[in-house]
Amino acid sequence: MTEMTETSPGWLTPDELEATRARMPILYIDAVPVRVDEAGVVTRVGLLLRIGSGGKVSRALVSGRVLHHERVRDALMRHLEKDLGPVALPQVPASPQPFTIAEYFPTQGVTPYHDPRQHAVSLAYVVPVAGDCRPRQDALDLVWFTPQEAASPLVQQEMTGGQGVLLKQALAHVGCLP
Amino acid sequence: MTEMTETSPGWLTPDELEATRARMPILYIDAVPVRVDEAGVVTRVGLLLRIGSGGKVSRALVSGRVLHHERVRDALMRHLEKDLGPVALPQVPASPQPFTIAEYFPTQGVTPYHDPRQHAVSLAYVVPVAGDCRPRQDALDLVWFTPQEAASPLVQQEMTGGQGVLLKQALAHVGCLP
Amino acid sequence: MTEMTETSPGWLTPDELEATRARMPILYIDAVPVRVDEAGVVTRVGLLLRIGSGGKVSRALVSGRVLHHERVRDALMRHLEKDLGPVALPQVPASPQPFTIAEYFPTQGVTPYHDPRQHAVSLAYVVPVAGDCRPRQDALDLVWFTPQEAASPLVQQEMTGGQGVLLKQALAHVGCLP
Amino acid sequence: MTEMTETSPGWLTPDELEATRARMPILYIDAVPVRVDEAGVVTRVGLLLRIGSGGKVSRALVSGRVLHHERVRDALMRHLEKDLGPVALPQVPASPQPFTIAEYFPTQGVTPYHDPRQHAVSLAYVVPVAGDCRPRQDALDLVWFTPQEAASPLVQQEMTGGQGVLLKQALAHVGCLP
């Protein structure tokens, strides 16, 4: 795309770029860790248990930013290792095609996803995990749910920002939505 | 995701956010405009003809940034209208799942896609276009190619930044790669 | 695949073929008719209203067999025209990739889908419909539901054979699962 | 779908079923075995080397029928084990969504795929393989190619029935089409 710098309306000049950089959508990944059986059927879904700033318990997907000059699949690996530990053995998909995108808006109701701090657009993947998971940092625990449990109102209401919807979309994609 | 602001390692504090915002991947869309027959078979692929800063002719997909607080499908509509005119009648896909993502790196060779100015991650869609196309702004023309022609070396070498590869991926996705 | 007739274990001899033909999976398509807004967002889902042999009311997707020497997209067109009438103007997807496959087993519980008469494997597509729909033949009516209504227990319990699950998978795929 | 047996035009009566069973599309799977690196990038594609009935050498994907009352993922496992041996450790995808479908017609030119013996519709998947591959039965060998080699004219011309096109579609799907 070298040649179209100054002419293409789809590409900004350095000045325009600088001016708009302060407010732009931020690229994220969401990963749904799963256990699969020998034939690839999802048997369990892993959710992180977190304690929020107000002491409120919530369950979350593996989620985080893509950094400058980082490939999406490397961002997936980094966040999975950060949240599940170094021996989780995640199988990042061969295809870069996400099963969906989740558009987290700072305003409620534009999409099913919401993030009060920013406009984040997340590429969502289902990632089979074969090894031992040892949650680190702020995550208290990783709990494995059956697809039935993961889609239940009990678990859904413990998820925030629309991640419960995203989880159900993942279950639908792997053919395990109850 | 309200409750996990301060604790989640996947989310940055306001200070960290400010510091990294200057260098982060920029979210783009790429659209491949196509003509389809009654049964949905792609019969033609539309490519923009542009004259670059050095006078070099190139062919390009419809491409551009997603703005802050703009849905991806609204960005698709905006760039399609900008490049194809107001009566092109694009049929933006019902599903937000892109057929692939194109990671344009400022460094050559990390991925098949390259953009010397920035790290852009583009969500790529095939978009059937039913109406009249009237290229505007800097685009000289829109030319409709058969899938066979679009994948030919002649057309491929007129595309830059890896968009030729992305075009072939689109053709593969719709079952029209020769 | 001409050369591997007699040698490939994946291909049967004419005799074996004859013997197994009596019992093999039957290829189907399932189409979820939708109304979309200008930006491609699904606003309504169309369900057929049928009266079953026992007088029981049920709601159904557009569904049917793929015939010998018929392309999958032609089967989609044929069943859509048969069920929605000749001026429904369905937009069959450019890509042949189904959003999922539904494996209807004659035995309950193998998959979420069930058909007591046969083993059918169905390729499932979401199909935007732009024109007037006039249900024909045995379908009494076509009713347009919001995504919210379509996923509700009320509508779900009127669908049989697992088509309610398939409908929710379609809604998840287009980002409209409540 | 119990209630709609006699009424739905999409479903045949037992007599019609019997009459048409002799000539109907046959359900297949095609699997593209791949080696991936730690981040999921495809580094090699595995192709079977076969000697056809006329002594002609050809390269082929793992391919074969889905049997009555067999799940698609079990058919994938069976054909992969049959062609790659019992310790290949294939990772059948969690999602049943194929990356494309290949419609092999007995008549040339209807689609890019051709099978002179029958109308077969194949669900195509990319399958990472982690273990040792020991081709069995009629396959002489399994050769691992780089994506570059797999898409080259040399390899493409050794593939028959349109499997070369299908292989390129698989490469496009995983972002490795040269």
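In this document, chain identifiers A, B, C and D correspond to the written order of the chains, with residue numbering beginning at 1 in each.
As a working rule, contacts are C-beta pairs under 8 Å (C-beta built on N, C-alpha and C of every residue); 3 or more make two chains touch, one makes a residue touch a chain.
Bear in mind the structure is a predicted one, so any value in this text is a computation, not a measurement.
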Residue-number overlap at the subunit A/subunit D interface, same or different (half cut): same
Whole-Å separation of chain centres (CA-atom averages), subunit A against subunit B: 23
Subunit B-subunit D separation of Cα centroids, rounded to whole Å: 30
Where subunit C touches two or more other chains, by residue: 71, 95-97, 99-100, 111, 173, 175
Category of the chain touch graph - line, ring, star, complete, other: complete
List of subunit A residues in touch with subunit C within their complex: 100, 111-112, 165, 168-169, 171-173, 175, 177-178
List of subunit D residues in touch with subunit A within their complex: 34, 36, 38-42, 71, 73-74, 76-77, 91-97, 99, 126, 128, 173-175
Of all residues in subunit D, those that touch subunit C in their complex: 1-12, 17, 20-28, 50-54, 56, 58, 60, 62-72, 79, 82-83, 95-101, 103-107, 110-111, 114-119, 121, 123, 137-138, 160-161, 163
